[in-house]
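The following blocks contain the structures, represented as structure tokens.
Each of the next two complexes has subunit A plus one more chain, namely subunit B in the first and subunit C in the second.
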Partner chain A sequence: MLESSSNAAAGTLLGTSRRRRLWGRTARGAVPFALILPVIAVIAVILGYPLYWLVKLSTERYGLFELIRHQGTSVGLDNYRSVLHDPVFWRTLLRTIVFTAANVCMTMVLGMLIALLLVRVSAVVRILLSSGLVLVWAMPVVVAVQVWYWMTNFENGVVNYVLTELHLGDFFQHDWYVTTFSQLSLVTLLIVWGALPFVVITLYAGLAQVPRDLVEAAEVDGARPWMVFRDITLPILRPILLILTSLSIIWDFGVFTQPYLLIGQSKITTGNYLMSIYLFEEGYFKSDFGRGAAISILMLLMVAVLSIFYVRKMVRMGEATA
Partner chain B sequence: MKRRSIVALSLVVVLAAALTAATSGATKKASANNITVWLQVDAQSGWPDVVAAANKQFQADHPGASVNVQYQNWGDHLQKFDATLAGGGGADVIEMGNTEMTKYMAAGAFAALDKSAFDNSANWLKGLAASGKFGGKTYGVPYYAGSRVVTYRSDLFKKAGIKKLPATTAEYAADAKRLAAANSKKGFSPVYIAGTDWYVGMSFVFDYGGGIATQVSGKWKGLLNTPQSIAGLTAYKNFFNATSHASKTTDETHPNPYDVYAQGGAASMVGPSWFTCCVGAKFKGTTAQFVMPGHVKGQSIPGFLGGSDLAVPANSPNKALATEWIKDFTSTASEKALQAKGNIPNATNLLGTSVNERAAARSWFVPTAKHWVDVENGNILRNMLAQILSGKLSIKQAAASASDNIASVLNQS
Partner chain C sequence: MSASRTRGRRTRQLGWDALGLAVFAVMVFPVFWMVSTAFKPDDQIISVTPTWIPLHPTLKHFRDAIEKPFFWEDVKNSLIVVLVTVAISIVLAFLAAVALARYGFSGRKLFVVLVIGIQMLPQAGLIIPLYVVLARYHQVNALSGLIVTYMTFVLPFCVWTLRGFLLGIPKELEEAAMVDGSTRLGVFVKILLPLMGPGLVATSVFAFITTWNEYIFARVLLNDQSKQTVTVWLSYFLGSSRHTDWGALMAASTLTAVPVIIFFLLVQRRIAFGLTQGAVRG
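So, the complex of A and B:
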């Protein structure tokens, strides 16, 4: 669409004088650049500028004293050295990787199952189910955390009440926040619950693209449901699954609100840090902004590496459709 | 396509203009007669009328001036404060915990104040006045102090047949047994103490002669692994297990002990004396307080002497008005009103003989180190108590690890 209109515009300019023709050719070469110029300008302003300051900050000693004077002292790569030599950093990184893997796997598997379910159920159930999903999606994270916090409350949480009433054991005043494992498990449940709507609805849309006749042909040939899923549905959904997975990895790796609010500030220790919390505690709580900046640059690099995959996939898909 | 480039170019210009407009709007200062005050939520729940009275006085003295009081949480008010130090637009008066002052004074975050301008400043409580002083200058005006006392229900104590208030922690634990026997309600706490309430936990440590950290030839040394501290921590664990049904991992604001008490979930609770504010209408008449006993007869348990200072941030555009407001809020009348709410007033000439003031006779305080606030924010003590109570680590292991941790944080440059 854009292509043809710009060609037409170029056409009117060509064919007058030679000078104008030359000018026209140069201008035509410049069109793509002119078109992306606004985007580049906006990105430079809202991303590049803060990023420049972040990098600068990460090479400075910048604590409370410097903050008040708005002036840091350059220390080269000291902040990075100190972070990379911090055993807490490495333990936190490992914990975050395991945490992210668990979250992403659960999100994708459950999302796939619910999307498949959506295809099978009757229209009424489908509408109910998808409106439920949209409601989950619409709930602000902070509100969701508060609801989960109430439900798992020690004094009179509904989870303990229901589990006890169901005679699954005595859960009266069961403390769900005793171990790091149970703390992070609750956070995982909350995150997966919140992430499911997007994944389910996207996968459901993808499932609509699976040609019915292909499935029917396979069934006539005696393929079992599992084989149909493995050999027909999955290959068709592959690009969507890849993009959803890489997006989930990026989101879950840097998640902050859910763990910080659900576990609660007074229970956050070096023993249950995730990367974003480590960054927050080291940078803000200790008013060591230079070191905090170094941590966020390191996190940024990790996420950038993860996104290469996603961006490449997107570019390839763009090429395929072009 | 020429038109296109022009469109694109103008789009950029418009965007840039919009962005600059947005940023210049954000940095615009509030009007000259408007001051913003950051107080802790304690004032909101405990003595909103005292705040209102000070505001009224301030407005009467300065016609046209207005006060905007914003209530903050202890948990994150320093992070918010840091942000306003960097970006401006923050408070003109800020309430600081006395354990938080040093780090900020050392960095030059506050404006120096003329001490003589404030009521009773010659008689300010020593500990509080010291927390607001740095390099010979006064940066913090003492606001109030508080010790920790036992708030209890006299009707339940009577019902359980307790005729005399306990004189030792052992007697208190024995009374707790009777209270529990007389109240069959599930989850009922004879003494409600949140598991990681380190103010109570450390009181046991100090009662047995232990401590948190001490300075030896310029270097901080952790004290939690000493035999005295271990004895104190053991006593805390035993007392907690015998008396409290609170979560072993929660702090003293999730839930608020007085909420549990107001719902009939506790016969007594340990905390600031202003807890009487919120015990609920039903129990107001039968609620009383006593000084928590120590393990030696005749001695109270050392309580944490907390307190708050009021300071004027160095970047406040209204320092003079801010100082005037502090004057009104810490006037003799205002301090007396705070005292009536169960707080310890800021000057010795105002001291009375309330349970709170008697409890303050034997007290402890945190190490006065620049990085102490990092120990608090890092939850090192809370984590240790949670580990001890839940049995995740032995008392010795948990104490040794916390002790090392504290020393390394305090010894940072």
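So, the complex of A and C:
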């Protein structure tokens, strides 16, 4: 930036041949803008415009009638007031936070352990396990939900059979979809299972960066495995772990498909809402788009706050590598 | 003494391998169980005592699944949506990625924030405004509306991933070609594009998979059963019947997952390489 402006200042003092070259440089300076223009234009239309509408909708009464008329009635901040005075909103928020924390902790701890295991196993097992992880990674979420539901159904689900056979209790015809806790636990298992491949493979790649000789030197000096992990591996993995953790938090906080489909629409109540489902049911399903918009904005703001760390980190890394 | 030490090491290695196999079994079991159920005769499915491997496989459930109403229509819809979304996104994103990886320009940082930030938006948070806006322009229940919606997320993803691949190609190659008298366009066509082949394929496949798998927007924006995508078709499969046809459901699940899995495995190395590279390097 600075350099180019001083060049420009110098350019005006110099002759025409220099000026032509300067013009060439300006034209070349426009190249990156021309390159990003299509993406910017598309995003402005397909995201910017709806976001403008989101803000507008949140201050209007906008139901089915208004949708057909294409015209809402302004109600000021009533939608926000209604949401913030709704005890269901606060209970849902609390439930979503606990749910997210549980998911992220399980994902990160198990992911780290499996990545470390991947380093220890022999080549054949490593190939097998990593192919298995890629296979799981490739499973579409909606498909995984159906399989989960089939494995855990109370009549002839294989999970009940296996748990009973392992003498972990009598799970004959045990219905997992009765209490909120067990419903959400199944959703958690599904999410963790689906998230593990990405986390494990990323961490495993990070482990390859740990200098072998450093670990060996520490071992020669008598360091225990967990000391090596704490003092060498963990500091090196720290940036990757932070990024994965914040990504998981953001994803799990806004998760919709897994809880919505696994619990099943008929069993969704205000008692087992997560944030996205609350928004979907109150805004879209009940066709109360104005109130739904207010919930959306509150949720987007929460995720924006959660994202600040991740985005800053990524931007800084992006700038460093460029 | 050294013999006993190697024996000890070998036992420990066996222990790790056994643990690795156990993790493999637990992780892969749901996928195995889906395929296994899809091939089982009905009496083995209903039985409380499971049959692990179908010794007398049947294709009946697959026939039942594809004969369900709207299966082929919805597969076609998914393919149209996915191919158009990915094709447009990859071209536009590649241009922007070149700008990010090869040029410094003012507003660059803002653009990076935009690209990363959008990918973090929770999809549920956008269903209301997208539904209302698309309804205004009569794009609800139209594949075009869904394609436009998907581009919101696929575009930034492609920009960022392609940028990562571009950074992996040394600038010196292009500079050397420039010194040898190539034009910028010539460098682009002769050097950058061939080297970017794997990156473009990997990114397209990833965009393909996310789009094929997407559920919530398709559920909200397409109401007509003949206009839905496969994921929504599958989610309605259970319907309201009391007795679930598990065999057909698992066959349908297998059919939905198969294109994704094949695609993923075909380019697995490149993808894993690209993604981990991106993740490690940021």
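Please note the rule applied: the second predicted complex is superposed on the first by the 275 of 322 C-alpha atoms of A that agree within 3 Å, B and C clash if a C-alpha of one lies under 4 Å from a C-alpha of the other, contacts with A are read in each partner's own complex, and residues count from 1 in each chain.
One rule holds for everything that comes next: a contact is a pair of C-beta atoms (placed from the backbone, for glycine too) under 8 Å apart; a residue touches a chain by one contact, two chains touch by 3 or more.
The model shown is predicted, which means the values in this text are computed figures rather than measured ones.
S.K.: Of the partners subunit B and subunit C, which touch A:270 in the superposed model: first, second, both, neither?
M.R.: first
S.K.: Should A:38 be classified as contacting the first partner (subunit B), the second (subunit C), both, or neither?
M.R.: The answer is both, since A:38 touches subunit B and subunit C.
S.K.: Touching A:259, do we find subunit B (first), subunit C (second), both, or neither?
M.R.: A:259 sits against neither subunit B nor subunit C.
S.K.: After the superposition on A, what does A:111 contact: first (subunit B), second (subunit C), both or neither?
M.R.: neither
S.K.: Identify the partner contact of A:281: answer first if only subunit B is touched, second if only subunit C is, both if each is, neither if none is.
M.R.: In the superposition, A:281 contacts subunit B only.
S.K.: Name the chain, either subunit B or subunit C, that contacts more residues of subunit A.
M.R.: Touching more of subunit A: C.
S.K.: Quick one: classify A:67 as touching subunit B (first), subunit C (second), both or neither.
M.R.: Both partners, subunit B and subunit C.
S.K.: Between subunit B (first) and subunit C (second), which, if any, makes contact with A:209: first, second, both or neither?
M.R.: second
S.K.: Between subunit B and subunit C, which residues of subunit A are contacted by each of them?
M.R.: 31, 35, 38, 42, 67, 70, 155, 172, 284
S.K.: How about subunit B: which of its residues touch subunit A in the complex?
M.R.: Answer in residue numbers: 1-2, 4-5, 8-9, 11-12, 15-16, 19, 75-76, 78-79, 82, 85-86, 103-104, 106-109, 186-187, 196, 245-251, 253-255, 260, 265, 314-315, 374, 377-380, 382-383, 386, 390, 392.
S.K.: Where on subunit A does subunit B make contact in their complex?
M.R.: 6, 9-10, 13, 27-28, 30-31, 34-35, 37-38, 41-42, 45, 63-65, 67-70, 154-155, 172-173, 175, 177-179, 264-271, 281, 284-287
S.K.: Applying the document's contact rule, which stretches of subunit C touch subunit A when the two form their complex?
M.R.: It is residues 13, 16-17, 19-21, 23-24, 27-28, 30-31, 33-34, 37, 45-50, 92-93, 95-96, 98-106, 108-109, 111-114, 116-118, 120-133, 135-136, 148-149, 151-152, 155-156, 159, 163, 167, 209, 212-213, 215-216, 220, 231, 234-235, 237-238, 244, 246, 249-250, 252-253, 256-257, 260-261, 263-265, 268, 272, 275-277, 279-282 of subunit C that touch subunit A.
S.K.: Sort out for me which residues of subunit A touch subunit C in the complex.
M.R.: 1, 29, 31-33, 35-36, 38-40, 42-43, 46-47, 49-51, 53-54, 57, 62, 67, 70, 114, 117-118, 120-122, 125-126, 128-151, 153, 155-156, 158, 161, 172, 193, 196-198, 201-202, 204-206, 209, 239-240, 243, 250, 253-254, 256-257, 260-261, 275-277, 279-280, 283-284, 289, 292-293, 296, 299-300, 303-304, 307, 310-311, 313-315, 317-322
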